[in-house]
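You will see subunit A twice below: alongside subunit B first, and alongside subunit C after that.
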Partner chain A sequence: MDADFASSPVSVLATLQRPPAGVWRQAWHRFRRNRAGMIGLVLVTLVVLTAIIGPFVAPYDPNDNAAMLRGASNAAPSARNWLGTDRNGYDVLSRTIYGAPTALAVGLGAMLIASLIGVLVGGVAGYVGGFTDEALMRGAEFFMVVPVFVVILAVVRLFGIIVVGTPLERIPNFNLMTIILLLGLFSWPQIARMTRAEFLRLRHAEFVEAARCIGTTPREILFRHILPNALPPLIVLVALGIGGAILAEAMVSFLGFGDPKSISWGQILFFNYQSLKVAPWACLAPGTAIFVTVLGFNLLADGLTDAFNPRVRA
Partner chain B sequence: MTALLEVRGLRKHYRAVRRGLRRLFARQQTGTVRAVDDVSFVLQAGQTLGLVGESGCGKTTTARSILDLVRADAGEVRLDGQDVRPVLAGTDRAAMLAVRRRMQYVFQDPYLSLNPRWTINEALREPLRVHAPQHQRDWGDRIATLLERVGLEPRNGVRYPHEFSGGQRQRVGIARALAVEPDVVLLDEPVSSLDISVRSQILNLLAALQDQLSVAYLYISHDLSSVRFISTHVAVMYLGRIVEIGAVDEIFARPRHHYTAALISAIPVPSPGAVDQRVHLRGEVPSAMNRPAGCPFHPRCAAALPICREQVPVLQPMGPNTQAACHNPA
Partner chain C sequence: MGALRFLLRRLAFSAALILGVSFILFALINAIGNPIQILLSETPGVSEEMIATLSRYYGLDGNFIDRYGAWLWSIVHFDFGTSIIYNQPVGELLEVYGLETLKLQLPAILLSTLIATAAGVIAAMRQHGWADFSIVSSAMLGHSLPGFLVGIVLILIFSYWLGVLPSYGAYSTRNLMMGSMVIDGLWHMVLPVAMLTVFNTATLTLLMRSSLVDVLRQDYITAAWASGLPARRVVLHHALRNAFIPQLTYLGTLFGLMLGTAPVTETVFTWPGLGALYITAIHQLDYPVIMGVTMVITVMLVVATLLTDIAYVVIDPRIRLG
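Up next is the complex of A and B:
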């Protein structure tokens, strides 16, 4: 049908009319007009680009502290070190650039884990209902009331001791992975609750009943009707959660519980806050990076909220 | 001769209970809503049975139970003599599809009954994918034919539901129901969410489609004038029970149940200066949770006798083609 539709004279008229807008295209249309959201998108893109191409353009190796041997640690920004050096003699610009992939790995990794668990638990709770729903949601509440930081600090320290002498010790960035895993394990309840609410709403939506009437399999109903319609609010939550996870990792690292083998902005702060008066640039650069990244993801989430809200039709 | 669709003793009661964990602490049952109580009717091929009644009288629950969208507590739904309720609830997918192919449903609100993320073509492809997966090459043609049949241009199939008006969406809903060439279509207030001006278009379309395809309709509505227009038979429901059923001409000419009479008198007469002969009902519909003893209509009935307070009337023949449940028929 599409073929002769294209060759008929009607198609000229059809192409003159504005193209059919799906929900995603509509959302993008609204998103583009949202200034805050667009700023967020630009900031996030900046961070992502830095993470991808940064290692190729960074002036120094992140573990190159030769400046210390020259007695040039805590050096002010210069042509040689654009953002100066820190108290260990590292090039601040290079360290900050290399912090971007770590931050993104933390944010995306934690939210990937959280999304998988959250959508699964929330989806089952919302779709099955009854006692299963009650049990799963009470479980989710348990994870919501546990103070994440205390758990992370305890587990990181504990693992630091247990791991010594085992093969696990040789896994690179084992500490960082522990932190990512824990952040993911404690941020899924939000996603589960949202998924459950959406599934409850959509399970009895008329178009789902209509599909049931036709005889569509429950699997297709789940994956083709319910899940796609539940996605927009979840995407907003995930975007918000990425910023939250990055901030959380920065805090853990700032307390000195980060991964000593990985380069993270929080850890750069931890190494340098004592020389804040002598070499403020060493703290300002990673601090700004954290600020920009988290702000970017929050603005992006904000813009997405508006974009997916059909009542805002500006 | 076996009827195309025969519903016998259909019943659906809802228990009003506390939900969730609170159930553990307060176990007592707080009441029973008799949404559908012992509903029976027959629908012959090519006919239209109008199911009328006030909001909450169980019309929609009846229709939904027929298709197992709501699991009925008791009763039979016979399609060509075969009870399909166990088939729809059962695990034999092929048998279930065979039944679903013959009975389809048009939903009340065309804004809610189409997946907002699917184009019209995709929405129409779903019934074909489920019921005719082996004829994939013909889908495009069949979708185009369907759209033309309901008065939409096939080239608009690439559009999304939100780009259509309510009337156009309802046409899509009808096309979706007709995609599998069913014998019975359950129309759940198909026009009540539409503008008055569009209603007659959709009703005319439904009537024309019935002529072409000789499909039987179960037409649910609270609007008696549309029921009179489209139906051959009518069943009047009150608080979950059918109180009067029969050929539409006979019932409109001489309603025997006082509730039917009141409903018919409430149809606006489109002529200025017409004498208001309306039967005004006292009071409100009682909650289906504490239905009055005896005839459920007796507290509002002007012709109530003492027996009406004690004994539930059953459907009895009143004319050649009508039955009514009333101790003191008009």
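Up next is the complex of A and C:
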């Protein structure tokens, strides 16, 4: 009987010895079954691919406005210009494609800044606690109640005047970088709050106590034990934040406070909104691009929420 | 005891927040130097003397701290100063333009709460049915739709292609609709309010559905079903009240979001509201107006947050004050 068991082809021992599927692999298995999440992943991949290979396949140079010289600005979509031309004679499709890298730079850049500040502030608040915690969280609340968008508009404009005549003025895309920095500076509080909550939850978790018992240094506990376990909910927030930052930049640019030297979807809308009646394609194309990108990141975040906490939703 | 302390703490925090925002903005505006000088530097025939006189008139002389103090002192007395561009008291401008903004946002909030509640109830009651699926998926789509894209599409369809609704302004410049100011004004409100309603309804519906689904799973609802109450009574009377709480708190956030993005809404529809006033002021460095609009929006936001906090505690006795 015993011998029989040991020699069976699918050995129980072998199964037990195989390491269990990790958190990430399990999450991916759940994610794959989530329809909304998968659609989001497809849309985001589409945008990323457009940003990477788009500039090589775009039919025209984004600054080529030869159509205007031919008197073909505001031309309807045709075989020559698939999505038509705008009021300045630019090819709408090419400019929309070139808007993708800008959008991703804005989304990723802003969330990178927000994550750095948020994880640092939230981590310190959650781990140290006491007065530090109280002070840091009040600070976070300050940034959450401020009318962010209104303040960003004013700061972008004023900053544009302040830098005139300083060396900063010569940095390419300085204006866009200001917008990215501001968006990052105003989106860290959610990340800080989540990090803090996770750190509070994990601070007294059994595996952390165990690590402390065997003499692991606080630094190692923080970075090797607590932070990786706090990541899943943070990733969801970052995915949502990327979409939010892209939308915010689009609105800032749409109002005419964007970077005139960079090509962004909001800028295209700003330049063409006046001629909406004669050339609706020049507004609809970048508008749809914003929608698809934001939708992609929102759906992705939705799928990730399900994948990381299978119990939250029925 | 607890309630009073909670209220005092919230009030102190709100005051600190308003002070902080005003100080940062004031400092930034000051960092660019004298707006009068910047605005008039390119105009020929303007002497140094004229700039100095104008600066004194608008209270731009003196050092930074004194001027911030003076500005704060007059704000406390509801004096927002004089607009550099319009040469009118900022307080009057804020009143006129602010009312136009509220004219769009209050109906939109009301409408979207009604629609979202109805849609949320239908979706939650037919959970996983086709009605639920279509409501949730359209709400997910609407949730990601940028407001201005909705506005652009509405203008394209209803103003340009069908030609039935006006695409810009709050009133007709020549012939009033049916000769009545009221009807004409309402007619102009249709598209902007529709855009804001689409923007709000999607998120509110998702929230309503998920909180109703949560509530419907609770024991007291099972007890209500078990006691033989009709479905209408269980859902509308017992469940809805509790499901409404998260939605109510979100209304404050939503109101803030709408106010904050008023510049976009009002640019899309060329609406003479606070947002449009703000955009012009920023472009023309009309600093008393910039400060005034920011203060009004910040104060409204803070008050909305405060009210929802209080409402939360009043409505839901389970909440402990912290």
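By definition in this document, the second predicted complex is superposed on the first by the 291 of 314 C-alpha atoms of A that agree within 3 Å, B and C clash if a C-alpha of one lies under 4 Å from a C-alpha of the other, contacts with A are read in each partner's own complex, and residues count from 1 in each chain.
Simple rule for what comes next: a contact is a pair of C-beta atoms (placed from the backbone, for glycine too) under 8 Å apart; a residue touches a chain by one contact, two chains touch by 3 or more.
Since we're looking at a predicted model, the values are computed, not measured.
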Subunit A superposed: clash or fit between subunit B and subunit C?
fit
May I ask for the angle at the C-alpha centre of subunit A between those of subunit B and subunit C, rounded to a multiple of 10 degrees?
100
Does the superposition put A:Ile290 against subunit B (first), subunit C (second), both, or neither?
second
With both structures placed on chain A, which of the two partners, subunit B or subunit C, ends up touching more residues of subunit A?
C
Contact-wise, after the overlay, does A:Gly215 reach subunit B, subunit C, both or neither (first, second, both, neither)?
first
Just to confirm the geometry: in the superposition, how small does the C-alpha gap between subunit B and subunit C get, in angstrom?
8
In the complex, go through subunit A and note every residue touching subunit C.
36, 138, 141-142, 145-151, 153-155, 157-159, 161-162, 243, 247, 250-251, 254-257, 269, 273, 276-277, 280, 283-284, 287-288, 290-291, 294-295, 298-299, 302, 314
Contact set on subunit B toward subunit A in their complex
20-21, 67, 69, 93, 96-97, 100-101, 104-105, 107-109, 112-117, 119, 126-127, 130-131, 140-141, 143-144, 154-155, 158-160, 163, 173, 176, 180
Would you pull the subunit C residues touching subunit A in the complex into a rising list?
13, 16-17, 20-21, 24-25, 28-29, 31-32, 38, 140-141, 143-146, 148-149, 152-153, 155-156, 160, 213, 256, 259-261, 263-264, 267-268, 278-279, 282-283, 285, 290, 293-294, 297-298, 301-302, 305
Could you pull out which subunit A residues touch subunit B in their complex?
1-2, 5, 10, 14, 20-23, 134, 205-207, 209-217, 225, 228-229
